[in-house]
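Quick one: structure below, then a few questions.
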Amino acid sequence: MDKKIRVTVWNEFRHEIRHENVKAVYPNGLHTVIGEGLLAAGDFEVQYAWLDKDAEHGLSEEVLQNTDVLIWWGHCAHHEVKDEIVDRVQKHIQQGMGLIVLHSGHFSKIFKRMMGTTCSLKWREVGEKERIWTVESAHPIAQGLPEHFELPHTEMYGERFDIPTPKDVVFITWYEGGEVFRSGVTFERGYGRIFYFAPGHETFPIYYDENIRKVIANAARWAAPRIRKEITCPSVKALEEIKSK
Amino acid sequence: MDKKIRVTVWNEFRHEIRHENVKAVYPNGLHTVIGEGLLAAGDFEVQYAWLDKDAEHGLSEEVLQNTDVLIWWGHCAHHEVKDEIVDRVQKHIQQGMGLIVLHSGHFSKIFKRMMGTTCSLKWREVGEKERIWTVESAHPIAQGLPEHFELPHTEMYGERFDIPTPKDVVFITWYEGGEVFRSGVTFERGYGRIFYFAPGHETFPIYYDENIRKVIANAARWAAPRIRKEITCPSVKALEEIKSK
Amino acid sequence: MDKKIRVTVWNEFRHEIRHENVKAVYPNGLHTVIGEGLLAAGDFEVQYAWLDKDAEHGLSEEVLQNTDVLIWWGHCAHHEVKDEIVDRVQKHIQQGMGLIVLHSGHFSKIFKRMMGTTCSLKWREVGEKERIWTVESAHPIAQGLPEHFELPHTEMYGERFDIPTPKDVVFITWYEGGEVFRSGVTFERGYGRIFYFAPGHETFPIYYDENIRKVIANAARWAAPRIRKEITCPSVKALEEIKSK
Amino acid sequence: MDKKIRVTVWNEFRHEIRHENVKAVYPNGLHTVIGEGLLAAGDFEVQYAWLDKDAEHGLSEEVLQNTDVLIWWGHCAHHEVKDEIVDRVQKHIQQGMGLIVLHSGHFSKIFKRMMGTTCSLKWREVGEKERIWTVESAHPIAQGLPEHFELPHTEMYGERFDIPTPKDVVFITWYEGGEVFRSGVTFERGYGRIFYFAPGHETFPIYYDENIRKVIANAARWAAPRIRKEITCPSVKALEEIKSK
């Protein structure tokens, strides 16, 4: 039997506690709903972590060593994530761990750290319709997805999205209000793979949607480590005779 | 008359003070030799900055606002560069300022900040020969350069170089000792352009070399700002009528 | 005084002759309207060529040798373009000539030849609104363009657009009918640069639009040859002593 | 049990018949040695095709429909491959079939067709040493390969290699005679994946080498179809109400 992919779903987990309208949609936190989607797929082990879980935001060295893919959702408390934990997460990504950043995680410390850019965008929260177009149908993250699928109510994230040129633009979104967005984009940094996926506002039941769940499961399979090892900067001996001294 | 491109050459400027063998090659600091090469080209204004110039390493907000392209050379004191200055430089690159990182600057805070990777590599310092191959002859940075050119004595920087996939691999180096290296690579981050160029060890007179000077001048022209403005994350009004509420 | 960029605008020039509704919009052929836009910019020399101009479709070896950038518009007669002329155009692009392919030119022999893909897409002709979003604001082709601009009536070209991953996605279009499209994309092949730009249906006055004209002029400047020379496949002598024989 | 990947190894198969020194190394054609390497890996089904096998070079519509990955070796008779067969192979690649092009296949009609460039390079045949550096250690094609490996005698293929910017540069070669080469590069065209791998001159026993065999097997796994379907250019109905008519 194949080994299961070990996913850690990290959630800021503040909105669901403080705001009734969010709690109504995600009573146990949106991380648990994302996790349920993965568990239903059958090939994942899931654990959860959140900002206030412990002094390390639930992301100890041991947790990360046993994480194949880290999913990140954060919004109003990005600045409360400790820099030393961001350093640690970055190190594990560079050494092969996968990272999936969702929605408002575009402004998380870890995503900005991996991109080098501001990760800014345009936004609007009026519950408009979103249509997601599959641009790279052959990409593993698009496996089994239709040519397009809709979310009836969503927060708008519009271009220009300030990111480096992605490895692949898998999805582009059309918004009812007139904008477009590169809503599913991939990156590689060190040995690690990164996928950013835009849908997922906390007041809409987006993580219950079957297409969204399929994208996240596909992305977790795609981002699972291909190799995992330390990256060093060694002094090495010459392989050929040096005559130029 | 066209406006000159304003280059600030930043040098750590420690080796040249402390080590006689470096001072012998670069008596006034290698920044001045890089600057002379640019001034000889005729279309640049050059100013200098260094780690101990002042409390801001010579990189005040005003200096950066008046810099089109920042050239960076550092080696043994990367950790002494203050994080707030790195933040400031990063902001200016994102807003359009060009960055050229030379040689051991691969491990500078600002380069690692822009890349998101470790920027590690293999190295060896035995003074071997290096042959630089022009891979993208049509790239502006390769303008006027031959198909290949040699440096008689160099420090070896070998693959795997831990960087994101570059926008362009302009140069690849062959080393006498048996290694290869993507020695001239470009990136874009925000509105800014970045060029990393490997040659330039402090004990060899590499920045006096005419081909090397041509590469640096070409790169400074290429990296000069195309636009320069703040990147914001605005809430915007819908451009079309929203019916999905 | 700087030398002007020499643009040859190539048009199939069949619709304008055969269909009254097209002739009404482009009485002298849409190539002349594209050319007028370039001439108004001031830094271009423009000549015209079309399918039935002569036995070589107006694209003799001499014409191409004196063309910096070739603009291509075709639709219903792609198959009438002779393969030997396509070979010739391809050779000049590989050697440094720029190519701008407009609208229905996505299915031209020359564009498919340069891409290696089918260049297929979805389409609909109901005169809907199109909004073009500038995704890479710092790209030379986007210079002076607003964050978004509209065309009141357009033919829809929708994803998936079967092209290789572009060098840059400069523009993405939002359509009233619900689709998106990577409407302005760049490629490099050999020493030549290629820009595909989607807007431009023959029944709408799109090539009179100031923003569209700005894009085409910017693209022609960007695609002008950086170098221009033959690409050979030479046998070369060793640069270092071979001891492995 | 997983289904095996169906590889068709296509060989020009002229040198081995006409030249004693080639026959001495590859008595039954180099395609059979490549095939033996794949069969030893255990997860492949292999069939062979060659230029003179039948009127379709062994590449009938039925053969290609039952081929997951096509491996291509050709050299002196590229021009004898019929254009209609090249059209057919291109169509299958666009629809998802993988293609691995080896060594002198850089000048094959099918590779030039997929690239759009001349695919030229520098070359020298003196039997020098080649050292292949793994640049993207995490890429599936590099799985299990060391940081570098050597071929004692090889034909030199040197830069500039006239190809579009690859998706990934997996390997870069160092040559004893002083050149470098992007010797293992990937591309995606349509739904299909393409890998070019430089080693493999017909007078050297390179396809018996264990590292070379590992690269080819890895590449065949990587290039196996992710989806396989026709690419169409449909007229589609609007998904939203059009008010702009």
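Read from first to last, the chains carry the letters A, B, C and D; within each, the first residue is number 1.
Going forward, a residue touches a chain if its C-beta (ideal position, glycine included) is under 8 Å from a C-beta of that chain, and two chains touch if they have at least 3 such contacts.
All of these numbers come straight from a predicted model, not from anything done at the bench.
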| item | value |
| --- | --- |
| Touching both subunit C and subunit D (chains) | A, B |
| Classification of the subunit A:subunit B interface as same or different, half of numbers criterion | same |
| Chain pair, A-D or A-C, that carries the greater number of C-beta contacts | A-C |
| Subunit A-subunit C separation of Cα centroids, rounded to whole Å | 37 |
| Mean-CA-position distance for subunit D and subunit A (Å) | 34 |
| Junction residues of subunit B, two or more chains touched | 131, 137, 158, 165, 176, 178-179, 188, 190, 239-240 |
| Footprint of subunit B on subunit C - complex, ascending | 96, 131, 137-140, 143, 148, 176, 188, 190-191, 226-227, 239-240 |
| Residue ranges of subunit A touching subunit C (in the complex, touch as defined) | 131, 133-137, 147, 158-161, 165, 168-169, 172-175, 178-180, 182 |
| Subunit A-facing residues of subunit B, complex | 90, 94, 107, 113-118, 120-129, 152-153, 156, 158, 162, 164-165, 167, 176-179, 187-190, 231-240, 242-245 |
